[in-house]
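Provided herewith is a single structure, encoded as structure tokens, for subsequent inquiry.
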Amino acid sequence: MVSSDFMVMVLTLKLALIVTIILLLLSTPIAWWLSQTKSRLKSPVSAIVSLPLVLPPTVLGFYLLLLMGPHGPIGQLTDWLGVSPLPFTFTGIVIGCVIHTLPFVLQPLQNAFEAIGHRPLEVAATLRMPPGVAFFKVALPLARPGFFSAAILGFCHSIGEFGVVLMIGGNIPGQTRVMSVEIYNHVEALEYGRANQLAAVLVGFSFVALLLIYMLNSRLATRKVTL
Amino acid sequence: MVSSDFMVMVLTLKLALIVTIILLLLSTPIAWWLSQTKSRLKSPVSAIVSLPLVLPPTVLGFYLLLLMGPHGPIGQLTDWLGVSPLPFTFTGIVIGCVIHTLPFVLQPLQNAFEAIGHRPLEVAATLRMPPGVAFFKVALPLARPGFFSAAILGFCHSIGEFGVVLMIGGNIPGQTRVMSVEIYNHVEALEYGRANQLAAVLVGFSFVALLLIYMLNSRLATRKVTL
Amino acid sequence: EEVKVAVAANFYKPLQVLVKNYQQSSSDQVMLSVGSTGKLYAQIVNGAPFDIFLAADQKRPRKLVKAHVAVAGSEFTYAKGRLIFWSKQPKLIDGSERYLKEGKFNKLALANPKAAPYGAAAVATLKKLGLYNRLKDKFVFGQNIGQTYSYVSYGNVQQGFVALSQVYRNGKISTGSGWIVPNHYYPAIRQDAVLLSKSADNQAAKKFLAYLQSPKAKQIIHSFGYDVSDK
Amino acid sequence: MSELTIRFKRQLSDFELDINEQLPAQGISVLFGESGCGKTTILRALAGLERLPESFCQLGEHCWQDEQRNHFVPTYRRPIGYVFQEASLFEHLNVAQNLQFGWRRIAPKQRKVSMGDVCQLLGISDKLERRPCSLSGGERQRVAIARALLTSPQLLLMDEPLSALDLARKREFLPYLERLHNELDIPIVYVSHAPEEVIRLADHLVLMKQGRVCLSGPLQQTLLNPKSAQLFADGASSVINTVVTSHLNGLTELACGSKVLQMSKRDIPIGQKIRCRIFASDVSISLTKAQDSSILNLLPATVCSLKPGVRPDEVLVQLELAEKTPLLALLSRYSCQHLKLIPNMVVWVQIKAVAIL
Amino acid sequence: MSELTIRFKRQLSDFELDINEQLPAQGISVLFGESGCGKTTILRALAGLERLPESFCQLGEHCWQDEQRNHFVPTYRRPIGYVFQEASLFEHLNVAQNLQFGWRRIAPKQRKVSMGDVCQLLGISDKLERRPCSLSGGERQRVAIARALLTSPQLLLMDEPLSALDLARKREFLPYLERLHNELDIPIVYVSHAPEEVIRLADHLVLMKQGRVCLSGPLQQTLLNPKSAQLFADGASSVINTVVTSHLNGLTELACGSKVLQMSKRDIPIGQKIRCRIFASDVSISLTKAQDSSILNLLPATVCSLKPGVRPDEVLVQLELAEKTPLLALLSRYSCQHLKLIPNMVVWVQIKAVAIL
């Protein structure tokens, strides 16, 4: 493996980590709201947040490019704010990944929150805990399996994210060239040997990481039997 | 919209439906086993079934192509069986999609099964129900929210699937040219207008479909409060 | 009868026009599958059901012949690609390399040189001009030439190297402004077509290949800015 | 005296809940009624877990709900403790953490209940490290009670808290609950269907039927009402408040006005007030003072009235001991006729069993 | 007579469960013991929900578990009914579907219990369409009981099934349970901590403490053991089996051998066997036959022995009515000395209250 490969790997991990963290932070309130609300908006909002999925990633990337480009609304906003434009930056691919991966993180969280039911929160309220605090002390810990799934799905999906990153990232070494793009480059250049190598590293590393996480999780898991 | 667009849409829906159904059938026993087992294999198996995610779809598609191609083991198997080779057929993209989408269907199911706990199954056993039947009569209905999520994620992901389909499908009209590929074609042909149109149709249609499904689901959902 | 053609991204648009023209005199169905040269190559090696491969280079058709996947001797250069340094903005580039040399811009789009021959040509041009090291930090890569074009055409990158065929209609640059890079700045982009072995006896495919070499076809190809001279 | 005023209305599946009551904000008010009559619903409304329309709820000066003013204090702002009908422990926390959950949120100065005391009393001191899923049914319930007590509430709401507890534990716990309300003056609203608990604990009794209150008032008065005997299903009884006056010859003497009741010696300090329950069926009447009997308590009393009992051949005799202390006796019609009882007759009552509550 | 043999061993958090018992596979065996002593664990092991090591379990001819032979019949193959301590209804089914769940799996010919009867008895006939989440606590428990009964089990396991039921409902249900076991001959293993239920139901009583059996045997014998009084915590009592002989003058007469007990009239057909419980504290002793007393039951008896009661100043007198029917009386030491009671003395016992069980 070449040192540039190493850089690519670091960048990939950084991307996946940041995206996962942002997504967990972002999805948690949305999932919570969706799980608790009786508003009529629930179904439309659920449908909207699932939408990033149905657009093929390259197409999604293409539209994000339009939106964030100099003539797009986001582009004009960043321009007005004096910020450098988002496409072809690390920030840009983070945003793209976040949007595309959102449903995978949101759904398990929402399911987990819904599975808790109302009782534990009622109990917390009778113990003087304001809903805001109860959310952190009760809902979050009880939804742990959901967070676990959400994080795994989000992380893996970000590592494997390709279309969106390729489209709005522009394949710039050290900034937006992540492993998926690099492997693809090798394939296109008929460098199958290096592609294989890199893919093997990716799969091997991910397997070990996932294995450790799953083992840790099954340690933490509490028994569900009650007498 | 042109009549070829219509054909593409039908093919896309067919792909997504078939993949979703196969995945639900395939993931259910795996998810069930994972949720119930105390075997040491649990963590490794969990890690393996999450792996399809970390490979970028085109790369995954590339390797599937190698495997299923005339020189790959699966290709030789199909050859030996006298079956026509899988790549560049509808069956081929179904297989690719199934593999790539598996984790998104499996995880919500597994979470849902785990959330049920042992009690309902114990009750079923005391009511003379063999575990096999109890699985259908108790575990499945109680895991409904998980199935719902799994189906949504699986369906949407199949509709948006692009890299794998393009790689092992080969963009063949009427057989493997689904909407995501067709939009890509338009973009490559610099026909941005038609790409926009098709993307709008995809998003609009998906939104309506998702909205209906979510509304239906919230109707069915039972209240979780117990007195 | 049916002819299945795998075509490199840069030639997709011209080929669509060619097919229309071809079908005025033939009842054969011509089906197009577009992709980058590298991907199409991989698919063909693994049994893709194409009859004809229109690549963006010579390397890959030759490898196919060597591997007996393509019919030996069937390859020919259907077009020589030309490179343009282009911007969507009118009058930005004055038809010479001056603007490029000044380098007063943040980003420069080009196709991935490893995967796309047009990217390799762009790199060669910059090296020839001695600008490569100065500009290389400003590169933004499109995966193929189609993607590179979309970067520039939507203004995400103000200027870049694209295929002339993408911006050239009827003998002139149709929108924006650009500098058509002289042929000797980069190794020729010889785009070869080849008949695949499985379809060695497919008459319709052979007919279509013949059509591609006809004067009418050459005229259309030329109108997209390709060089069709026999050298 | 401050009061707990509640007005709740709600359409339930089979009937309408419609309550309009004033309960003393002192002592223990027991909601008693058959399964499904709406007790839990009231408790939930009181806690603010359910916001019923057109409702009103006020404790002392503090109005918690007034839908006319669209005023509603959310549960977590109400200084209540709630013991749910099904012990609802946090499964992700161990026992100690469950206990600390509410306790931590109370400023140390406002804590009236100590962690150590409560744990010992409820027998969970050695289970602090355990996870709820490894506790038995009764253990879970005890942890839930302790957890509610540890928030030092100003109003304690308990939904059949003792139904999973064994008798010994119950007997230990009830005095503690009484002390809690005697010493800390915490009013308690208590849901129960165990008459024993009601009699023992209730200062105020609310009898419910199908979503409505059919009898409500201080315990002693309520018990004299024949309706209550019917509802109780374990027979009429009277409650007498007494004071321990001496321990002599292995006997404990209780003064009830000028009259004295005796019972075998108990460990109760002299001077302590205790409440006795006397089942009507434990009271017998004779015309002359019996001799040579092991029955300790032979007191003169005056017959006030004779009413038919619940069963056709029984008579409920209302008597008056000295100082207008009411006493009920349940006799068979046969005995009644045999003794020729009529109002204002002076008789001897034999009280076989005095239950200390 | 066939038997239920159980040998269970399990290390629990605070002690070891170690049971080796033979219960009659007939009638009702009650497991009684304080919270956390291992009752639920035994029931679960019996049902096969938990597979304990080194264990053995056999009902009649059918061996369900024998770890030495590595033999284990899974729960769903054991013809049992189980009522869990916490009503565990299927939340995805309505009440009717919950009831049909097990019922459907029983061949119509083998059904011994009718859907209509059970629903009416448990007062859930009008709730069949409801979802479990809209039921009150007691209603849920009643559905769970009905569901277990409807599998027409050959062994019924009940874990504190009545603790959420009100007294009236309990009173209605207990006779049904008795009939069930009388008529259908279904043996029942019943976990309880309510002495009332124990006395009423138990044919065989198993007293447990800290994972071990400390007393086990037929109810009457077990009750005479002073240990049981202590465990019961609500005082010693004796149980007498009687037959209804007549209804006269508003009185019901019960024959107990040659002796007759009277009580105010009840609706029980003549000839029916009923079981009466007489608390030791409800029995008083006099040396002469009292006159003019409203106490109906005055019987001659012989003093057998005098033992100290639980409290220091009480004496537990064991008496014998005719035909060796044992009877306990609890007197204060003072009365005992006053009456100069000694063994073999013949006295008059006054029985104030006879509880029909």
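By letter and in written order, the chains are A, B, C, D and E; residue numbering begins at 1 in each of them.
In the analysis below, a residue touches a chain if its C-beta (ideal position, glycine included) is under 8 Å from a C-beta of that chain, and two chains touch if they have at least 3 such contacts.
Heads up on the chains, UniProt names are A, B = Molybdenum transport system permease; D, E = Molybdate transport system ATP-binding protein.
Remember, it's a predicted structure, so these values are computed and weren't measured experimentally.
Centroid distances built from C-alpha atoms place E farthest away from chain A. Among the remaining chains, C is positioned farthest from chain D, on the basis of C-alpha centroids.
Centre-to-centre, using mean CA coordinates, chain B is 57 Å away from chain E.
Note on chain placement: the centre of chain A and the centre of chain E lie 60 Å apart, centres being C-alpha means. A straight line joining the Cα centres of chain A and chain C is 36 Å long.
Shown for chain B are the residues in touch with two or more other chains, namely 58, 62, 119, 187, 224-227. Counting partner chains per residue, chain C shows two or more touched chains at residues 39, 42, 150. Multi-chain contact residues, meaning those touching two or more other chains, occur in chain E at positions 40, 85-86, 134-137. Looking at the complex, you find that chain B touches chain E at residues 119-120, 122-131, 134, 137-138, 141-142, 144, 222-227.
For chain D in complex with chain A, the touching residues are 47-49, 74-76, 79-82, 84, 88, 90-93, 101-102, 105-106, 131-137, 147-148, 151. Chain contact summary for the complex, chain A toward chain C: residues 62, 65-66, 68-71, 85, 87-88, 166-167, 170-172, 184-185, 187-191. Interface residues of chain E, counted against chain D in their complex, comprise 13-14, 33-36, 39-40, 85-86, 123, 126-127, 130, 134-139, 142, 159-160, 163-169, 171, 193-195, 232-234, 249-251, 263-266, 279, 281-282, 284-288, 290-296, 309, 311-314, 329, 331-335, 339, 350, 352-353. Residues 42-44, 46-48, 50-51, 53-60, 62-63, 103-104, 107-108, 110-112, 114-115, 117-119, 145-146, 149, 152-153, 156-157, 159-163, 179-181, 183-184, 187, 195, 199, 202-203, 206-207, 210-211, 214-215, 218, 224-226 of chain B touch chain A in their complex.
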